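Labels run A, B and C following the written order; every chain starts at residue 1.
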């Protein structure tokens, strides 16, 4: 930092092992739940209704997994990615303790990798970020890496260190809520009869619905998460590029669209990887489709299974023909390619 | 349903007496109350302040009657009107148990009428929809009818059955909150000295104020109600027609505008009928006026009376000259014609 | 008022000493907190997290000072400024009892000054407005003056009476929360190491960030406060002038931007004066800078001090060169000039 006004960190400001206790803890309330519904349209019942959640062993409706993710991500921005050129990826993301209304969430990140780019103008910073509730339980834990410019091109490069990251979170490492029991899972209340056993590996699902994103909507969502990255807010500064939509908002929209086809995917257990293939802007209409990549039972659980799902979100294009990779490239409509594990009743 | 992605029901999918337990129960919180205020501007004190509500015998400020209506309506969409060509009308709508912050609402509909159209391409579906709280008390109960296309024009038509519906809900059928007592109703806090005895049948009131609706506003409102009808969200699909505003949002805006003239109409006891005369789009500015159609005292109640009110909402036109029907047609500015009963202190 | 539809008050309707008990008390919840964050992006931890607030002696996170201000201001509009030509200024504004989630706020105003303009077409009305919680504690107390047209130019003018107002609230008149103790103030959680002792009188800070305001955002904010001034909502009526942004929304945005440089200014103790130099409209991008005007320790308090700060907000112009007054005029980009006292840990 230079002076009282934070300019954020540059590549040479990061050190391996450095820990950031991020600012602005946040007590979450029904206001966050309602706004998340109003901004995304989520209809997953676990996050919508206390009785549904209690029937599964939760003490109330937990906040949407992705809302927890965005709240933690938002806190990391000022320290990690205020100057980022690009948000390159996510990996090894596990969801832990449910986050309930009234809980307070805070975030911490540790630098786990650094590698200067060959042009010496920037480098890649890898961080593991964690979100904790007021009782110090881990709510979520993930790795992301971002490209960050150097303040001074002549600054010496650190020894390159790239963390070894799993291609996917192993199901045996999932963190299930302690009293989770799906014996009383109500598929009618959830809106679909289809459970774990009804999905086949390789199955593709066009989620059919679409939603156009407005400037006020993505800006409100991003502010709700107290994510202050300027590219989302300042039209003057963005000039012809326009304001960029926070990539997490596209993830939430894609998740919401996936309800039509994956309604009983009641919890995201883990995110294996995510790539923002192209930026999104206000006025874009998002559609999505998914493919079942893998199907796994869990040891000692005959009430639920895990589906590994890849969801692709597109811009201004329906997904009836499953646009995705074309050789090495993506169909030009693709915005997001997300690989994650869903829990589903069997 | 064909496959895992719901395509909604077509005319030939409905059967007389069929019951839908609609998906996604919803626990309501202060977040819903605040968003409803932020999206409509409502200033009716019963829904705004706990002490005001307690002075009338409620245990806290109940949610706005129309917010309860929209939450129930929203749940019915996926099963009843996902493919609707037009939402034709409402009738016989009674508001029952107050809905409080912390309550969970769910919805059920029964098919009470079916009539194929003469072109054999579509038909009219009549449903009675009910909203329940977590204690199985009826929060609201109404009939609506929608025009739904047939999947297959050759499908056989059911025997036509059109339910007999009352022109208006009879005041003796109103459901009053059990401990309602207006002895301590505070007209200063409510913003107007005018009560039941100050209104005359035939009186017309120009509500004077106007409000322009933005795309983000109607989309957020409609998502808040978990109403997933595509016409409200997907600009790509809508093409030149543009995204349609959920008709219920226009009803809520008209109700809010009516505060300036009907401030002490503290509760909607019933909706006798409603007609969306024309669709509304983002950018439209809504104005409204009302006429007192009928005035009724209620048996055993000297603290309150019921006014039957017709409220007309227009688009891009002030209501100083009470635009409405012109012969058989409506003034081209009219969007909404709503007939309902208001409770007012005497 | 003429008839049941309020037309608001005109200059000749006001009398010195007249008291208005304003309509629509309001119970505040987490919904208001979340919406305020979503609409402004505030990151001040006192209003964001219960544990942070409890560590300072509050019983929970109090609502943002400006949110309380807007809620009170909004209630005064229908009686005081529904017909206002211009909102001319604020002075002598003190924040008192913290406003907590679950509290109910109501407002009262007293006319403390009247002065007809020399053109006899309008006059200036001075009111002292107060906000109270449900326990009748004063949450806030301020003077504002507005220019209001006369209904009838021939109406006789009252004897001119202009209240004597302080240039600034004296620090000995601040109302501190009773158990306030900054011994456990956590600067890391607050996002900045800089406290009272790190700021010098005359220091200028460019807050660097910018935010573009959308039509839906300012309209939602203004409705959240139940402020019904038509100029903010009715595009039809506004014609070429367009809808005006409620000046208070610009104040909240400026306060939020000031976080980047004044993060530990955890409470606004008082507003000495404020001037809306030019109107703001949707599409404007707001930037801000501040100057430290004065620095005061408080008797018997070695844990905190007060900084008198002037914050300038601009439209479509960065603040790296501190645009402000140029001789008698302002730089044409300036929207807001606000003079206030911040409390900061020492």
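In this section, a contact is a pair of C-beta atoms (placed from the backbone, for glycine too) under 8 Å apart; a residue touches a chain by one contact, two chains touch by 3 or more.
Remember, it's a predicted structure, so these values are computed and weren't measured experimentally.
Common neighbours of chain A and chain C, listed by label, are B. Because chain B and chain C share one sequence, their contact can be compared position by position; here under half of the interface residue numbers appear on both sides. Between chain B and chain C, the centres computed from C-alpha atoms are 36 Å apart.
Shown for chain C are the residues in touch with two or more other chains, namely 29-32, 34-35, 101, 214-216, 220. Listed in rising order, the residues of chain A touching chain B in the complex are 29-35, 37-45, 48-52, 61, 101, 188-192, 194, 198-199, 205-212, 214-217, 220, 260-263, 283, 285, 287, 316-318. The touching residues of chain B, when paired with chain A in their complex, are 4-7, 21, 23-27, 29-32, 34-35, 78, 101, 104, 106, 134, 214-216, 219-221, 223-224, 226, 228, 230, 233-237, 243.
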